[in-house]
Amino acid sequence: MTHEAFRGVFPYLVSPIDEHGGVRETVLARLVNDLIDAGVHGLTPLGSTGEFAYLNREQRRRIVQVVVEAARGRVPVVAGVAATTISDAVEQVKAYDALGASGILGILEAYFPIAEDGVVSYFSAMAGATALPVVLYTNPQFQRSDLTLPAIERLAKLPNIRYLKDASSDTGRLLSIINAVGDRIRVFSASAHIPACVMLIGGVGWMAGPACVVPRQSVQLYDLCHAARWDDAMRLQRKLWRMNRVFAKYNLAACIKGGLELQGYDVGAPLPPQTPPSDAGRAEVRDVLAALGALEPAGATG
Amino acid sequence: MTHEAFRGVFPYLVSPIDEHGGVRETVLARLVNDLIDAGVHGLTPLGSTGEFAYLNREQRRRIVQVVVEAARGRVPVVAGVAATTISDAVEQVKAYDALGASGILGILEAYFPIAEDGVVSYFSAMAGATALPVVLYTNPQFQRSDLTLPAIERLAKLPNIRYLKDASSDTGRLLSIINAVGDRIRVFSASAHIPACVMLIGGVGWMAGPACVVPRQSVQLYDLCHAARWDDAMRLQRKLWRMNRVFAKYNLAACIKGGLELQGYDVGAPLPPQTPPSDAGRAEVRDVLAALGALEPAGATG
Amino acid sequence: MTHEAFRGVFPYLVSPIDEHGGVRETVLARLVNDLIDAGVHGLTPLGSTGEFAYLNREQRRRIVQVVVEAARGRVPVVAGVAATTISDAVEQVKAYDALGASGILGILEAYFPIAEDGVVSYFSAMAGATALPVVLYTNPQFQRSDLTLPAIERLAKLPNIRYLKDASSDTGRLLSIINAVGDRIRVFSASAHIPACVMLIGGVGWMAGPACVVPRQSVQLYDLCHAARWDDAMRLQRKLWRMNRVFAKYNLAACIKGGLELQGYDVGAPLPPQTPPSDAGRAEVRDVLAALGALEPAGATG
Amino acid sequence: MTHEAFRGVFPYLVSPIDEHGGVRETVLARLVNDLIDAGVHGLTPLGSTGEFAYLNREQRRRIVQVVVEAARGRVPVVAGVAATTISDAVEQVKAYDALGASGILGILEAYFPIAEDGVVSYFSAMAGATALPVVLYTNPQFQRSDLTLPAIERLAKLPNIRYLKDASSDTGRLLSIINAVGDRIRVFSASAHIPACVMLIGGVGWMAGPACVVPRQSVQLYDLCHAARWDDAMRLQRKLWRMNRVFAKYNLAACIKGGLELQGYDVGAPLPPQTPPSDAGRAEVRDVLAALGALEPAGATG
């Protein structure tokens, strides 16, 4: 499925799994539909919030399949591919491409530290296995490897490596990347950056878990930034930021799943031994959602 | 000396020391004068770039005295106070107050990790020792303690704790601080944040070493941000950012001293065993300054 | 298969994989046989050195099966189980138990930080899924969670959690564990500890990659420690330590595989994007093996 | 004052300071005398436990003077010298040499990360400023620089750099150092290593805060290790280790001062904003000392 250049708000979807390991397909499809109705510009299954690290091959594939089918081509679906080996990454890329994904979010898991040549060969192999656009994902907090600026510059030469999503909290790093490869790579923010700041410096949107529970507000923020109405954008940003911080305090997946449960989506808890949000965490999520007028499902008043 | 509320560009001054441990007073006074001519809004001796950690009591006092005298009340002088004990901090505060400083930049050095009550008592004692406004300095990278948000909220209740300068690279942290205490504490950026972003989210300026070598450009950036001319601001910010990153690659003091030497200020090298910038480092600094039209002294074409 | 209490030298086996993802069974079986001939007291497939993080379900199972079959009950086979979810861990435990493993080395992989209750529930579920003895594996360097002393004390109450292998470099931590639960849990060293020291403080052996390439010398060291011939033990330990440090400099799996290749075992390189040892790394491994008289296969000369 | 080669138990002395910043000389002299009576082999003022980072120039000098005078040449006094600049370090070395110290414990404080050449020049200048033997102090936890093995090898060539004290918890690192320079540098343990293990691998003793409160037991442990009575040594070591761990849980200086207070030494609290031990901490220290029969002053019963 071809799409225009990716831009805007891409919620990181949660992965609802039942007690037998099956995908809760109905609620996932309903969430997809509601988010699209709320105006999001794309969808990203199998990001951090999507618990990619906790799902097996079959569960991952089924998640991608359900999301693609529910999206019905209305917005691009950028599927996360996370692996430790090149062979596993390539296999996932091909599978999700065949399932109809619109793009690939490339994540490198590492157990042993890995040399830069290895990092580059991993993402190159991934890009070589598909004609879909690839989003480089860099997360110095969770991965044991990182994409250095020289590695990004090498990868930017590949024709279908066209986006980057940075999950650090170092916004200056994004400006350095934009300065270096901004003509070839478009940059998305993640939830630890202030989206309005990333838009100011030249970013094109954000891929983040919180957009699952506040999609309308997120799209509104994007529109204000895109229109360069910075004062209005900051007023909204300031309110939305409280939510990013609440979510940062807890396990991302637990909190987004907890927030969706509060909104009436029966997505369940994160996979054990992860634990559901504590009562205090749940109360804090509820407070923040209430303050943002987001205790109803995204699709409630579409 | 009373001043209006602090805002704008406050260069972190270097500390020029001769081979006998004396302060190179002439060059320091000349730098102060040139920076004021270039339009900076204030001056900050004894920050990180000022090598506070490498100077003894007498050197620190003499630095403050020379800067205050050279400034002649034209701009506020906010002197850095760094100590491990409350008694040493209080002694420094009183000394710099008596020397005519306009404000105090409070820095906590810690050897053993320190409990939050200890952190709060340290800054409270500092604020209690003077009527001058106090700037809280927080630098998770260099100090072994940090100012948590709850600690900042407690300190914000003291009448003369009115500013905060954050030296992390986590810009989102600043927005959380502004959300929590923005009505009582004004926030300055440091060199690891993108100044334009900090201005966008509600900051009032920046305190940083690079402004020593690019004062005019820094003031211009501040003016553009202050006027909400964000597109123009970002064009300039993007160019200036290259400099922040070059300086971040090397020892801050070594690089700013190296840059000033290139501009004709005989400020010398950082104190041994710190080493002067390498040839490669010096070349990189020269390139960046040349690209910014900043190879002449700040006061050259005032 | 029942065995006496585990003690002594348990090499962490490498996982030889061919270019199609198949297990190189012949060389793995030969290595198993040679190590047993060299006197090792047990075998541990699927530890860090065994690249568990890089293998899929089928590869892992086949590795365990080949090792169990080649061992023919002569020494216990303790299979590594690493997972992020309880369900995956339990499935692996049951599979390796059914394949004839003599014990389970329990490893917790985490993507998000995990609360202590979650950690305890993970290992408890693992122990509950088998009657085999379980070895707790703790590695603060590679895992994003760690087994605290209180968690270990809770787990020590389960009847078949009977061993612990610590992969930190903090030997004092082991003495604290022995002080706390030494009557119920026996402690194995890993390659970052000095095995002779761990034996001195009450350990019962070590599980480590280097023993793959110097099995005879490792067994000799164990025998000297066991006999409390500490002077002789330290003479040998000092020589063997050089090897632990060479291996610590490089990717563990790359180095052990590289060393085995030098000895004539065609185990191949670590899985891409991991890279084979550099020429310098290979030369350093060769020097160390030569100094230890270990450039021949383990089984070459009895 | 000349002494035989340093070996054995060197307590890190606390620095008792009164509310006016003066040294509590009587109690410090009494502690020195009691520790010597208890059999310690040397004394180390101005280590971490001695709060060197919290004392000014005059306080440091007075501490050294009081300790040297109270020791009356009965045991060597190795004074800690900690500085960020070479000039300050050299000044301290000369001062403590003139005051009659028997050796210098060299500590490098760093604010900015420092290149290896700078590290080597710092310790070289220190060694060049005195004829006294110098102990290299390396503490990766508290300093922002560390002594790498290549740096240690360069420094070992200087004639009066003859000892090293390592404050990491990585005992294997000590064996690597002994393997590399053991013929020229003798190695002391610190409180995070298990002293018996360091003795086993070739160490000559330990410099540590806990020996202030359990000097007799520490000397007994040393004697057992020195006599290669490892079984007896480990029995005692196991009991003593509980104390090292209690002290590691809290601010070192707070705990040793708290323990000495319990023994009747009026050494006061650590300098503010450090806080005295909590009630729980104090109770835990009391329990451990009671279990070791160490609630009386060291000198109480010869």
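Every chain is named by a letter (A, B, C and D) in the order it is written, and numbering of its residues begins at 1.
Convention: contacts are C-beta pairs under 8 Å (C-beta built on N, C-alpha and C of every residue); 3 or more make two chains touch, one makes a residue touch a chain.
Computed from a predicted model, the values in this text were never measured in an experiment.
A.B. asks: Provide the labels of all chains in contact with subunit C and in contact with subunit D.
C.D. replies: none
A.B. asks: Centroid from C-alpha atoms only, then distance subunit A to subunit D, rounded to Å. What do you get?
C.D. replies: 51
A.B. asks: Please tell me the distance, in whole Å, between the geometric centres of subunit A and subunit B computed from their C-alpha atoms.
C.D. replies: It comes to 37 Å between the two C-alpha centres.
A.B. asks: Give the residues of subunit B that touch two or more other chains, as numbers and ranges in rising order.
C.D. replies: Residues of subunit B touching two or more partner chains: there are none.
A.B. asks: Building nodes from the protein chains and edges from chain pairs that touch, which of line, ring, star, complete or other describes the result?
C.D. replies: Its topology is that of a ring.
A.B. asks: If we use the touch criterion from the header, which chain pairs count as touching?
C.D. replies: A-B, A-C, B-D, C-D
A.B. asks: Spell out the part of subunit A that touches subunit B in their complex, as residue ranges.
C.D. replies: Residues 169-173, 175-176, 178-179, 192-194, 196-197, 200-202, 228, 230-231, 234, 237-238, 241-242, 244-245.
A.B. asks: If we count contacts the way the header does, which residues on subunit B are in touch with subunit D in the complex?
C.D. replies: Per the touch definition, subunit B meets subunit D at residues 21, 48, 51, 53-54, 56-57, 84-88, 108-109, 111-115, 117-119, 121-122, 125, 142, 144, 251-254, 271-275.
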